[in-house]
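Per-chain numbering from 1; labels A, B, C and D assigned in written order.
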Amino acid sequence: MAIDQASVQRWIELFAQAMADHRQELVRLDTAIGDGDHGTNMDRGMQNAVEKLRAEPQPDPGAVLKTVAMTLISTVGGAAGPLYGTLFLQLGGGLTDHPEGDIKAYAAAWRRALDGVKARGKAEQGDKTMIDALTPAVEALERASELDAGLRAAADAARKGMFATVPLVARRGRASYLAERSAGHQDPGATSTNYLFETAAEALAD
Amino acid sequence: MKKLINAPDQVVADALRGVQAAHGDRLRVSLAPYMVVRADAPTKGKVGLISGGGSGHEPLHGGYVGRGMLDAACPGEVFTSPTPDQMLAATKAVDGGAGVVHIVKNYTGDVLNFEMASELAQGEGIEVETVLTNDDVAVEDSLYTAGRRGVGVTVLVEKIAGAAAEGGRTLAEVTEVGRRVNAQGRSMGMALRPCITPASGEPSFELGEDEVEIGIGIHGEPGRFKERLGPASQIAERLLTPIIEDLPFVSGDRVLAFVNGMGGTPLLELYIAYAEVAKLAQEHGLKIERNLIGNYITSLEMQGCSITLLKLDDEMLQFWDAPVDTPALRWGA
Amino acid sequence: MKKLINAPDQVVADALRGVQAAHGDRLRVSLAPYMVVRADAPTKGKVGLISGGGSGHEPLHGGYVGRGMLDAACPGEVFTSPTPDQMLAATKAVDGGAGVVHIVKNYTGDVLNFEMASELAQGEGIEVETVLTNDDVAVEDSLYTAGRRGVGVTVLVEKIAGAAAEGGRTLAEVTEVGRRVNAQGRSMGMALRPCITPASGEPSFELGEDEVEIGIGIHGEPGRFKERLGPASQIAERLLTPIIEDLPFVSGDRVLAFVNGMGGTPLLELYIAYAEVAKLAQEHGLKIERNLIGNYITSLEMQGCSITLLKLDDEMLQFWDAPVDTPALRWGA
Amino acid sequence: MAIDQASVQRWIELFAQAMADHRQELVRLDTAIGDGDHGTNMDRGMQNAVEKLRAEPQPDPGAVLKTVAMTLISTVGGAAGPLYGTLFLQLGGGLTDHPEGDIKAYAAAWRRALDGVKARGKAEQGDKTMIDALTPAVEALERASELDAGLRAAADAARKGMFATVPLVARRGRASYLAERSAGHQDPGATSTNYLFETAAEALAD
């Protein structure tokens, strides 16, 4: 299948649906080591993004993702707003219409998104943040030689990265205030990122 | 969850309607984006002062908008920092040509969003300086954390920097005094009972009937540790000792002592806590020259208190005493 | 029971020590008998104004002692009216030769003790007048009750009569305007959660997770009935309708709207309630000329609110706006 | 036995002890239909009264009871302070030293005390107050021809009067705010009055 306007639009709608479905789960995770708003933040932002896209359909993947980025930045707030905003902004900048679904271009765009989030948030892998799901997923894409397989590998890697945050002691974000007490809990942002790749595989792979 | 609200997702908008209805004569309230602005803003030639943060900390920040304090405040959703476009709109609304100061509590979300806003504002040719507050000694300031949280000192920065701006100081001067207040102030808080956010409907942490949580922030985050509930004298000592050791405050220092309620604490208990703070301060040879006692930077209905000490100098004193006319802090006007 | 206290039987004394430490520059605090007096009292030729009642309602009454309001307050034990000797001592301390007004909330204990005190004071040649507040429409005023309770309107009487006294009015005039405020004011309250007195350690009444208590007083007494927790709009309507019908307030009336928190209610929720009150008042054609929003007459850490409407006239407005300089209410000074 | 300084002093000490022992019971009763302080009020006041009497022993029953009255008035507050203060003030005024324990004089003093409390509080029998225990007790004394029997009859009558407050709807004091909801609860003040007569019988009768 192709990475085109239709499939990317579908991906965004699936991700928005996932944020609605898992809103309470993300709230619960963020209540344990944060301030309990990650689920409502992501849900609010993605519903707004989908409405925006319905009101003003965008011509190509890049435009779709930039619209999502601007909507998240202006309606989410918190840490997730600027971070996911930056992610979609860079991803959209890196993606242009690839009917043939070029895995290399796709992986490069994701690398650019990862670098953007790291530059904004100054977090490294192992800090118990969304970076811990994002990094292995992007690496999986870079290792892949073909889009569908790459999308599925990325989804697996993101899920593993999400689970891997459980034992970690947080060094960035609110959870870091808990120091050792943050260990034993799964990071909410890594969890939302896991759904991002899960829905990507569903929408963009055959 | 038992709250005096209409619906969890309408809390901020409904409260802003209340602010509009109550203070519409002196404040302009915007619902899109969320903003509370001095009715007479911008003041030509005056440095503009804005702050913002998640809701649930009332009267912070909207209650401090008015003459002698903030020119505008940007409330986010409950415990969620506001967005860059709110901050940009507020920055433009208060820019009198002398530049604008952003007072930002040190939380990743607040920092990142204000960062974006200040990039955007500067892109539009408005001079912006940022005063970051990070006074919470419960958090270690190290590479392994997001840095100390901005808590009680934020109220004092807004009052003192606000008076400096009202007094016609330059952008550099207002920024400098704001940063000095943060540098000379330290805080620590504790909870008897957690709070419940409208969205989650669940207590932000669990506490046994005989337990207190020491080192909490203002977002319902759990603290550094739990301990058995002791008398007010012990709790005051628990909070004050790390504050005094951290700066450190030394015998002879002139201080402002601020005993703050977390939202659900009766004034009766805050005065009991203040009596203990005054006693301990005296034992350390500190001279309390000013005090502030009440629910000023809160965490919804959380029960508990925080203590803030600020080491005063003559200029801070002068700005603290200067007239202020806001819904939540008012004197000399 | 989780409280920021040292011991249940030290609560009042410890809190008074805090008041002494915080406001010793403007207030004189006595621990035997319990008394908070203006440092500059008595003011020669000025009518003296005192009030008193059980503790647990802070900032009422001690927080309202100062220029433009009370000359002295007598705090009793928690929810227990003070004793005649406290009131007598306070009456003597504030008598400037122009007579003294006792502002008494209508509760059997307060009435009986103030009655004895005023007999004793008059025995010593001090002219004493009493202003009784009984504004709570939740209680039927009939032969079958002790009469209506004095609640929210008490704060307004203390401010307005206080300004009249500060303005040099005579004993008769101060008494008259105080009684007029009570006659033109009505209140009603509700609770989301009961309070716990330090002495009993038990909730003052039981409420289910989805229940509210309508018609509560300020002593943790149960109300008139329980009902299912509804939205803020419904709660506001529940309280405001009986208030409006009782006076009655009619279209065109100028009013002061007072949304009071019971001690544990966050300001965020009080502003949400105020938005609803303003909306309803407008629907009834009432013109809200002044408002007061916050925790001003409380019931320990009880969660909930009360609404008070006062029908204003020009003189009340003038006295309301007059400068006041107390720990809890301050403007124009 | 005689109503003299020693026995009256002993009565006051027994009543003070009863108020300490039943403090929580009275708090619980007052929490149900009042504001939960009757037990602490009476306990505080009677402990102060006993201390005062230890510090300054009084020569005769009248002086003992007047000292109790003044201490209650100045240390109790609430409704109970003035009411019990008035009760002891009038009782003391009516009592003088009766070595032979004259029941008539004793009953008359109690009638005077009852009238005093009614004048102060404006409550009638049936209003669900201490009057409902006080009235039948005084009437029992007036019917009695001999002191010991009178004291025991008064104690019984007071207890019955106390129980009789349970079904009543309060018309005076805080409980009256509850209207119908006050029915089904025993009145705290009537309960403390019951202990007053119980200890009187114990201290003054053989």
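Just so we're on the same page, a contact is a pair of C-beta atoms (placed from the backbone, for glycine too) under 8 Å apart; a residue touches a chain by one contact, two chains touch by 3 or more.
Note that the structure is predicted; figures quoted are calculated from it, not measured.
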(message) After masking subunit B, report the chain groups that remain joined by touching.
(response) A | C, D
(request) Would you mind checking which chain's C-alpha centre is most distant from the centre of subunit B? (result) D
(request) Could you grab the centroid distance between subunit B and subunit D? Build each centroid from C-alpha atoms only and quote it in angstrom. (result) 54
(message) So the centre of each chain is just the mean of its C-alpha atoms; given that, what is the distance between subunit C and subunit D in Å?
(response) 32
(request) Please name which positions on subunit B make contact with subunit C in the complex. (result) 2-7, 11, 14-22, 55-56, 58-59, 63, 192-193, 209, 212, 229, 231-233, 235, 263-275, 278-279, 288, 291, 293, 295, 298, 300-301, 303-305, 328, 330-333
(request) Using the touch definition up top, name the residues of subunit B that touch subunit A in the complex. (result) 9, 33, 54, 76-85, 107-109, 112-113, 115-116, 138-140, 143-146, 149, 197, 199-200, 202, 204, 217, 219-222, 224
(request) State the interface residues of subunit D toward subunit C in the complex, per the touch definition above. (result) 27-28, 31, 34-37, 39-41, 44, 73-83, 120-121, 169, 171-174, 176-179, 181
